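The following pair of complexes shares a single chain, chain A, combined with chain B in the former and chain C in the latter.
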Partner chain A sequence: MTDTQFKQDQEFFMDPQRCIGCHACEMACAECETNGQIPMIHVDYVDRYTTVQTSVQVCMHCEDPTCAKVCPADAITRDEFGVVHTAKTDRCIACANCVMACPFGVPKKIETTQLMMKCNLCYDRTSAGRKPMCATVCPSGALWYGTREKMRELRPNSTPVNHFQFGMQSVKTKVNIMMPKGATKLVVD
Partner chain B sequence: MLSTLNPVALLTATLATLALVASIFVGSRNLANFDAALVPYLFGCIFACFGVAYRYSVWLQRPPTWRYFVRGWQLLFSGRALVHGWELIKSFAVDFVGQRFIRNRGRVRGIGHMLMAGGCILAFGVTFPLVFGWIHFGLRPGGIDTYELYTFGFKTMEFPLHGWFAELIFNALNWAAILVIAGVVLLIRRRLTHAGQIAIQTFEGDWLPLLLLLAISVTGLGITLDYRFMRGEAHQFMAITHAITVILFLVWLPFGKFYHIIQRPAQLGVAVYRRAGTDGPQAVCPHTGEPFTSKMHTDDLKHVTKQLGFDYTLAGGSSHLDLSPQGKRAALAKAHLAARQESGAFFG
Partner chain C sequence: MATLPIPAGQIIADFGPHKNYPPPEGFPGRNEPDAVVETHCCFCGMQCGIKLLVKDNRVVGFEPWEEFPYNQGRLCPKGVQRYLQNNHPDRLLHPVERVEGSGFRRIDWDRAMERTVSEIQRIQSQYGRDAFAMLSGVSLTNEKGYLAGKFARVALKTKNLDYNGRLCMVSAGAGNKKAFGLDRASNDFSDLAHAEVVMICGSNVSETFPTLIHWIWQARDNGAKLVVVDPRLTPVARTADLHLPIRPGRDSALYGAILHQLVKNDWLDHDFIDNHTSGVEAAVEAVENYDLDWAENVTGIPRKKIMLAAEWWGKAATSFLLHARGIEHHTKGVENVSSCINLVLATGRIGKPYCGYATITGQGNGQGGREHGHKCDQLPGNRDIENPEHRRYISDVWGIEERDLPGKGLTAYELIEAIHRGEIKGLLSICFNPVVSLPNNNFVREALEKLEFYVNIDFFLSETARHADIVLAGSLQEEEEGTVTTSEGRVVRIRQAVTPPGEARTDTEILLEIARRLGAGKHFSFNNSEEIFNELRVASKGGTADYFGITYEKIEQNMGVFWPCPSLDHPGTPRLWEDRKFKTPDGRAHFVPVPYHDPMEITDAEYPVILTTGRVVSQYLSGTQTRRIGKLVDQYPEPLLEIHPALAAKYGIANREIVRLVSRRGTAEFPAQLVETIREDTVFVPYHWAGAQSINQLTSGHLDPVSKIPEFKVSAVRLEPTGRRAPVPVQDPIQATGGSPAHPGPKPPQPHAFTGIGK
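Showing the complex of A and B:
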């Protein structure tokens, strides 16, 4: 971890509207050896009765992560690159506080191993200068990893936003969501 | 630096250390049964006691930890004390003694941890009482073939000096060292071969604890091997290197990975909390219409997040935390869809 080649000019961009529900990202995520072959990404039907819309959710890697703050065991840490790491296996006491408090609904609790697990931005790959698995396989561009300049070229009518408003709570993240051009934040209320 | 000290933790740690020192005086009968050769270990233990009590106190003062701590005791002594007590015993047997959750993370990993933990617990059980002078041995007066064991100055048992029992307990630390070495070897192998671990492991967080345990065990075994096969010629070297490694362990205990030994019992409280939650009212997600956790849990989280400076209250007065994880993801997707719809284009 100390000898890292993490590329700080590369960013993660997420566009749920582009998700076609193919689950390729889930399969790719399960290849990540840091997860023990358990996918950390969520692909959901948003409202199965009324629409076929699917949505994808990775960890947004919050600047002030609620999951880490509510952890009673200090098991979740954020590193110098802004990556919020999955729970430390020796510390996690499987209370599920992080699972219930994350505003994006990301962490998973694995009952059999009494452990919370979440996306760590494919740290085994990104720390070696590579892209996260999910972003390399997404066929529709719902998940994309690269420079901001390249993203601007690819999506001239969208703006990457990393500011979310959940009621009274403002949350800033390392991962961006693609919003209509000119938007500054996504309000969830 | 003084201004950064936590006064409550400082007081707690001071009291805990004084209590330990007092128990050493009382338990060793005013140091009459204290082994002076173990003084360096004693100072290591006293430092570890202060450090562990200080860190534990600081840790308990964090809002989520405090909430669980208080709730755990409240539930244990509530009207359902028997149910919760049974849950506590079950969790202790399955998670602590059996370490099932670690075995579920990997068979070899589980075996390695079990060997290492077993060895460490055995070593703690022997070392601490000996260092504190709480137990000591002596020859039965009038003979040279029977040993007596004294605990806190009271004779508790006697046994033949050359019997199997004597062999077993006089070598307890050697058995512990063998268990620890076997466990460490299995876990070092994992750290050398598991690609995922190689990517995220750190020297100070993952390797140093294993190497330190290995050093303690090898030097400890070395003392026995030296007097058995080398006529004690390397005794001073072995004894000093062993003392150094053990004291390093004790001094590092409050700071590094070994602190999880102290922290892990919190899992027992969580087991009781979960049982009480399962038996009580459930939180139902407004999106999925399904129960997803206990109402006590969501209520506690709302309280704790407010204490931590987060406010997830929504415009209508409800909370974003009322949603299940799936509900939260759906709320985000719906908000994103609405923003795209409003802009007149779904893609851009």
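Showing the complex of A and C:
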């Protein structure tokens, strides 16, 4: 990774309340040659009967990734920039431990290839100093990539949060979620 | 012309729609493209900047164009997938001719042209020049729209030319001309950023113009209040500070009631009204009795909410009002527009930073396409075909005698009615799929079946083209140079990324060749699109839509130029009316009195439910292009009937149950989707589909008396539950992602099976 141009001052910010459910992110993600037309980002209706609200989920790139901890084959690694990479194809045994363990529900087991696949923060783009594809095309700003300073300027009423509490499990992530101003943590009981 | 030469199913087998998917690894050459072409998406009036990747004269992928100022790389799913309309297996690669009983057979260009021209001449000599009509469309570039206008008047010499803008922006155009004497968004969208109140009237921005959401959120991030008026809780309405769930067809009652409150509470800009407007007294008088009780009763919106909207609008220092087809697709479409403009004028918030007003233009070139003369009453530069001075100017530019310039013809739907009555015998159409997009479309189909000769120019065999005698294989947006004008009024460059495949020709070449064969060659000696644009510049000079100072080079250097731009040293005009010099005869902005009246069709015991129609995010207009792109189809595979659970309960309708909808025009069946996000008296069905799935079998041909736009947004229907459950559309995950053996990704364009002849 010595010749990478990964910009360490750039961060990923996710604001699901802005999501308009258009699926541009999924389709753009699928275009990536390493994904084989399978999107690594997912948009779903929360409950179409009552609302048009959709939720969008990218890999949160945890500081201490649960997926890697439960992987019996040591196929999942986190690099020096905090990017948690998709399972190495020569190691992954498709046991789906990561699929079941991830608190955000991110990794997917692809049945046809018997491999786990997940978002690697568009490593081909970000390592060349560019923005991830989903955050480039997102029309509503539900997905945004750039500096923390710029984000503060753009959205003065929101605070980025990267600390989550899932019951007993505390998780810190590289990816931020936008919360109302003053929030410090997202608690999911 | 008669009915289809063979059953539709057999035509579909040869010509589609088939779903195009990229191969799992992407198209070959995507990583080493021959060219990266900075151009624009073709799928709405935003005209987002996008880069197309080209290899071996095929579009093989896209990259976001982050430098383009409007969208800065952002795209909707249609934009992401737009490249898949290119090298599509359904693509027409040569002209075809209808053969009774066997479908469409390949013919060579010479034969196609010869027959087209001899039929035009036969019909015109037998029945008169106006018995041959032309229909055009505003997904075409400015150059092609201008050419279509000149072609119809100078080569065909018919007065009967109109366009599919008649289904789109004519109400807004007429309302804008009444008020301002000019028809364009008054601001570019960056003026949304610091508007204190943003009011969106009848536009599902989140699905129809997704990239505009960014600018609306910018306003909200800076503290704006967002008001959305829509019978449905759309994704943009969900995030609004105030959602006014209006009963379809009652719009002008709401805006009249708000004007009433502005006057009552003196939330008015008297200085602006006194010095820069006229007609305020009559406008105020018209809403004299529109108090909150009356408005609640008519619109179905609680009076408190109406009052809050009036108060926010009235007290704001800056504001931006946007509207779209939701208020325009009505028999009072123009009045609805006027009632909105009255609110802008009453508060004087126009022509200043962060004070804006705009109709959000729907079609790819909805703005430029409505300015340069392929509309039945219009000449280039938004001139009037009945104005003697305008006629003389354009006749001089075109080198014809003024007396030879035809007059005003019929509007699109009236033209179809005239075909049905047998008054028009021949038709040439381009960029228009009326069998899907016009209301009461079984009537439209019957009309087409009565034509003696119909020639259609298209890149795919659309549902309408199936009724043609000859289909000329034309070009996609990315196959010709040109310009379009975005919803903001920004003229941008469309680039030729590839040349048309097979024997297909550019639309321009086709029209020029027919013009030559009709003997009008000397008026059509253009060598390229830029020469057409340069003539358009001169033709528009001095008109309200003045492009004279805009050149290809200037557009490229500035990433677009806003008209009016009257001279070469003029920078263009992103924000109108800063000088307060309105283009009306008295130089003032005009209030228009809007007394309320009901929609043409109101519900009764026989048809007790309101039907309204619209779009979904993954489809564009009649779907000729987007129903051929695999993932866009899979995202929303079939039209659904959105119905509130309370209304469904009255009829015992369950989710996914097939419901028969019946109107005075027709009947169609749709699976029910039970949602609490719609009014209880209203059902919604999107209109992008054809045949049995087309909701436009039920909509009415009632037209606005001024703009002649059909009332798509209000029909009376009844619901008949069938007790049958719709099968859930099967989503093979592999197929949906492009890799199944059944759909091994797109093949290079092949000649169609029936013709059996290679390139």
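General observations
The definition used in the following text is that the second predicted complex is superposed on the first by the 187 of 189 C-alpha atoms of A that agree within 3 Å, B and C clash if a C-alpha of one lies under 4 Å from a C-alpha of the other, contacts with A are read in each partner's own complex, and residues count from 1 in each chain.
As a convention for this text, a contact is a pair of C-beta atoms (placed from the backbone, for glycine too) under 8 Å apart; a residue touches a chain by one contact, two chains touch by 3 or more.
Predicted model only: the values in this text are computed from it and were never measured.
Taken together through their common chain A, the two structures put chain B and chain C side by side without a clash. Shared-chain residue A:145: touches no atom of chain B or chain C. When both complexes are overlaid on chain A, the residue A:13 reaches neither chain B nor chain C.
In the overlay built on the shared chain, the residue A:85 is in contact with chain B alone; chain C does not reach it. Judged by the touch definition given at the top, the superposed model places A:38 against chain C, while chain B stays out of reach. In the superposed pair of complexes, A:136 makes contact with chain C only, with no contact to chain B. Applying the stated contact rule after C-alpha superposition, one finds that A:27 touches chain C and leaves chain B untouched. Number of chain A residues touched is higher for B, counting chain B against chain C. In the superposed model, A:49 makes contact with chain C only, not with chain B. Contact with both chain B and chain C is seen for A:112 once the two complexes are overlaid on the shared chain. Across the overlaid complexes, the C-alpha centre of chain A sees chain B and chain C at an angle of 120°, to the nearest 10. Of all C-alpha pairs spanning chain B and chain C in the superposed arrangement, the closest lie 5 Å apart.
Applying the stated touch rule to the two superposed structures, the overlap between the chain B and chain C interfaces on chain A comprises residues 17-18, 33, 36, 53, 112, 155-158. Chain contact summary for the complex, chain C toward chain A: residues 21-26, 30-31, 61-62, 64, 66, 71, 73-77, 79-81, 206-207, 210-211, 213-214, 217-218, 221-223, 233-236, 238-239, 617-618, 631, 635, 645, 655, 673-677, 734, 737-739. For chain B in complex with chain A, the touching residues are 59, 62, 64-65, 67-68, 95, 101-102, 104-106, 194-203, 257, 260, 263-264, 266-267, 270, 273, 292-293, 297-298, 301, 304-305, 308, 310-315, 319-321, 323-337, 339-340, 342-343, 345-348. Looking at the complex, you find that chain A touches chain B at residues 1-2, 15-18, 32-36, 42, 44, 46-47, 53, 55, 57, 66, 69-74, 85, 89-91, 93-97, 99-107, 112-115, 120, 123-124, 127-128, 155-158, 164, 166-169, 177-181, 183, 186-189. Of all the residues in chain A, the ones that touch chain C in their complex are 17-18, 20-24, 26-28, 30-31, 33, 36-39, 48-54, 112, 131, 133, 136-141, 154-158.
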